[in-house]
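Two complexes follow with chain A in common, the first pairing it with chain B and the second with chain C.
Our next item is the complex of A and B:
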């Protein structure tokens, strides 16, 4: 029956149809030319391997905001089109992907969502191609602090090691004073980040409290599966307090293995990377009272905007945001604000607008974030320390760092390192 | 180098107890993996590079079974058996096809399966790291023996592993199955001519290797974080163990594992910056002094 009906299609209808289709095909480019061309933003990040979860959360953070920006008309009328590629965490691959994104895919802006090793490689690509580049995950201070590395087209929209060390050192010194903790030990992963961050933390701990003695150091290697020898070494050394910048799966292994030696009931522990949902939600027997810096936590800053953002992210992606997620969400907010200011999506104009730009943000200590003009890096973000409890909200109270003090000590640190 | 701390440690019973027990713990898990590796090599003369992946699968099976049942005994047995089945299937369907071939071909098959197993874990359990948590029985304060700290879970771990080691030795040395396995290692065509189905025998050897690796994974799951690719580092270490102990020797694997465990724990006290290197250095010394490994036999 249906066959019969179809065959009733006569010559006239067919003609009408084909001519309409033809107009459609020829006419389409004319209409498209009237609309703004999408702006392609390239983003190399780590989507496979042990850090894949962080890379995925970077992508999520970006996409959550890109949807909002595109719904509101895009960057100066041009809708954002993200091109996100896996670098597998290898610096040479990150550089290659970044170059390809600009040269072959026609990306006009790069969001470098690499860890520090890859970020320095992408930075050099940005220097070479003169494309606007926004580092969103590297916390290594020298990336923006060292004037020899600085280029006008690269910004850091991420927290920074030196800021964390100043705030952590100040917080730990107060606890040490109250509890009379003078014998300290460190236990951090044996690579650039672990060594630098630990040295800086101890430096500022000693700056705020003079009678600190470091009685031992343990340097497990990155991604080490077994920490037994490290745990027993700490027990032998008998420090009163311990600092660690282990993170992710390494930190949870260390906690699990330290727990059965009752390590954390004997020693006051300061683990800067503990208060991250990826670690908090995975550790089954989270000890009470571990001191940690904030990475991303819904309860700090304690504002409705921050809690709402964390909940919206969780509703969409079925997990809590990470530190990388808020940083990557922030970069899109900055781009949108800059594009609005200069009414353009041109990289050079955006860079000009970004320098010194302040935006409203749920992640700011006082509801605002700034890209500081002098070194093109993020300041004013929520930074603080608190103690853990084994269940939600995990870190109920956080003591915020003082940005005035951070800025002063950071300036001294730069002077000492000849970064001025 | 920190020789004074090492001397201090050796002079204090508390330190010796703690470091020796932690050396045992590291060594015992290694032994379970290395024993399977060396057994498979001894009989089949292939190096099973997917063995680390078996360990990983054991740990992930343990995670799921523990979440479902809450019983750690069921977890250990279930994870070991499930991994044994994977080992059996892997040998029957894939490895058995490349026995006669070039070693590069065998390597390629194994490497391919490492990637396949890693990605399967990613698809089933997700790419992020997991933690199983300590079974409630073992959530007790550590014991103090002569001033040294010994967690009860690790006592259990060492006890179970030693029992398995002895059982394995008895099976290989004292049973008919063990006799056939040893014969097949020595002269497979003769064993086959005498009417033993070597195909099934090879499958069983792989299953036994999988059983041991899966058991090791389940024992490690409460204290190590689970990630796709976690099998890689233990594969390297257990490979070193088999080289030191002698390829194909179970006793060699046992001694080699203990030595590596002790080198790590005392090394971290005396040579904190060279703990890893010490392990390789020791392997080099053994290879120079006795190229077949401590308990290896000359290959005829």
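Our next item is the complex of A and C:
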């Protein structure tokens, strides 16, 4: 009896199986047509360690836009599937993860959300594997400016050191002229970024105002906890103005400790990385009147679109967007626009479309962003300087930089560095 | 030639053949990447074990030679355009010279003092790399890729050929190190580890033996660095950072100190753990830490030592019965 029942069951299973298979065979092309193969985009970024917060905000920025693009049908009909992995901020790990994403996970595009050295490591992977690669966080100018490093399949969708220096130098020169600030001092972290950025800022400050004198330099170590000696050195040197490119926790520690000595009421301070929510909201008593470049701030550009984007991000992730967040959001907007233009999600075709592409964006100075064709880098983004107030909106007014001037001086700078 | 040396050579040849055939049987780019990285780090870990396991010299600064190897090779290829084999030999000479200098100062010290002085030299080198921007590119590392001009018909720009080169270097490196630890020099080194004073009374120049071991270990770590620099097509300050040395110690702890292949197995375990754990969780630090803790508490001396001990224990009664 049992055997009988078993055989009946088996027949039913067989019937079910056959019909399912039949539906599968007949239906598969229909399903495939209705739901194209997803396009996998790999993204190595830093999700652990000191800058994990920035890596997480990069992921948030990307996901916010991916949802919108997928709701609208994806890249040329193919839904985007993000594969985001932690590189721990180590370049060899970034290279490994990037290779793995392409070779094992089948990612067709890389969004390189790495900082400095990691970005260069991923760049080499892109050169090797010839996969479309979009750098979203490295601000080191040489990554795109140096023709020796350039490859047709890599783009930078991020701000750039040289642009910041030109705008910063021009802005600071105007303030220096108005307030008669000639004795300057610098206080920046002691590594390549700190040294390069500071030298460039001073270069352009002197370019716009000839009688600047640098009376002292302080080079605190990266991630230094105690700034007492730096603060006393500054107080002893008695400059009229000070430039600093300290960032993140280092900047907030420096501001907190400098406040004890009322440093910022005595000296006109230009801290390029101050106007970033990760710094603005962490400082205990944010002094009034610190000059800063914009990183991401809801009030600049002062448009409804930008404010709405900032609010939407905050509503979704319960925190303020960062500079990395808008850059990573932008990359998805660019990919969507490029895919629409060529009606394809193929890497080579997308690269062709991206070269010289202009899109509408809340982050552009005049509502537009462009991936400049000649060096495949982002231009036209909102870049400017303003002064802080202790509470929201932290930087109420920002003076925008002039992109015509930036482009001219950047061309000169490239010529000087044999980048042409 | 000793019989054991012939046996080692044979094993080496078989392993090399198996490694070369592996991608033919299992064509996976991920596997190729894994083995190249594994070769670089296994050479590094085994060379560290020359000091830790065989010499009793616990170096916390071994990553420095990995970094020196990667940077000298990368710089030579980028700046001089010399052929790869020449750059490879020059890199070995440079690494040996650095190891000789550092070793001459460090190996006079014992235990914790030795460990900390090697760490200090490592941090010094790391700072030098960070600060000497015109040469090293500072914290951004060597930029622009490492050129790999073909030589003798070998093109290391092709990942498959790099794979074979890495396998050859790995097997040759391991065989050489095996030869070193099985030679009278290797036994003298172990004697010093166990009782330096007594060895000294036998007329052995302890300083010289330790220094030679330090230089040899540095050279093999440098070769690991060369493979890694070819894999990532660059060199980064992280290669010479203390975390690199820390990883070496982890690999040895996972794999085992007293077995020659322990560090190699530890490397494979750590890489597998790292690659899989980072795939599935962001809390990989916690996971890895817990696993290493389990190894340290449960196995005490790494997996191969544990297995070898176990094997010996189960064999001993039988051996005794045969009248040993």
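By definition in this document, the second predicted complex is superposed on the first by the 387 of 420 C-alpha atoms of A that agree within 3 Å, B and C clash if a C-alpha of one lies under 4 Å from a C-alpha of the other, contacts with A are read in each partner's own complex, and residues count from 1 in each chain.
One rule holds for everything that comes next: a contact is a pair of C-beta atoms (placed from the backbone, for glycine too) under 8 Å apart; a residue touches a chain by one contact, two chains touch by 3 or more.
What you see is a predicted model; the values in this text were computed from it and never measured.
J.: In the superposition on chain A, see if there is space for chain B and chain C together, and answer fit or clash.
T.: Fit - chain B and chain C, as placed by superposing on chain A, sit side by side.
J.: With both complexes superposed on chain A, which partner does A:235 reach: first (chain B), second (chain C), both or neither?
T.: Only chain B; A:235 stays clear of chain C.
J.: Based on the superposed arrangement, let me know which partner A:48 touches: chain B (first), chain C (second), both, or neither?
T.: both
J.: Now for A:252: first (chain B), second (chain C), both, or neither, which partner does it touch?
T.: first
J.: Which holds for A:218: it touches chain B only (first), chain C only (second), both, or neither?
T.: Only chain B is touched by A:218; chain C is not.
J.: Once chain A of both complexes is superposed, is A:308 in touch with chain B (first), chain C (second), both, or neither?
T.: Neither partner.
J.: Given the superposition on chain A, what is the angle at the CA centre of chain A with arms to the CA centres of chain B and chain C, as a multiple of 10 degrees?
T.: Computed angle, apex chain A: 60 degrees.
J.: Once the structures are superposed on A, label A:199 by its partner contacts, choosing first (chain B), second (chain C), both or neither.
T.: In the superposed model, A:199 contacts neither chain B nor chain C.
J.: For the combined overlay, can you note the least CA distance between chain B and chain C, rounded to whole Å?
T.: Superposed on chain A, the two chains' closest C-alpha atoms are separated by 6 Å.
J.: Identify the overlap between the chain B-contacting and the chain C-contacting residues of chain A.
T.: On chain A, the overlap between the chain B and chain C contacts is residues 48.
J.: Taking the complex as given, what residues does chain B use to touch chain A?
T.: On the chain B side, the touching residues are 9, 14-15, 18-19, 22, 25-26, 29, 127-134, 138-139, 141-142, 149, 151-154, 220, 222-225, 227, 229-230, 233-234, 264-265, 267-269, 272-273, 275-276.
J.: Help me check something: in the complex, which residues belonging to chain A touch chain C?
T.: 47-48, 85-86, 88, 90-92, 95-97, 99-100, 103-104, 116-117, 120-121, 124-125, 127-128, 140, 142, 146, 148-149, 190-193, 195-196
J.: Flag every residue of chain A that touches chain B in the complex, lowest number first.
T.: 48-50, 52-53, 56, 217-219, 221, 223-226, 228-233, 235-236, 248-250, 252-253, 256-257, 259-262, 278, 282-285
J.: Which bits of chain C are touching chain A when the two form their complex?
T.: Residues in contact with chain A: 28-30, 33, 37, 130-131, 133, 137-141, 143-145, 157, 159, 228, 231-234, 236-239, 243, 275, 278-279, 282, 284-285.
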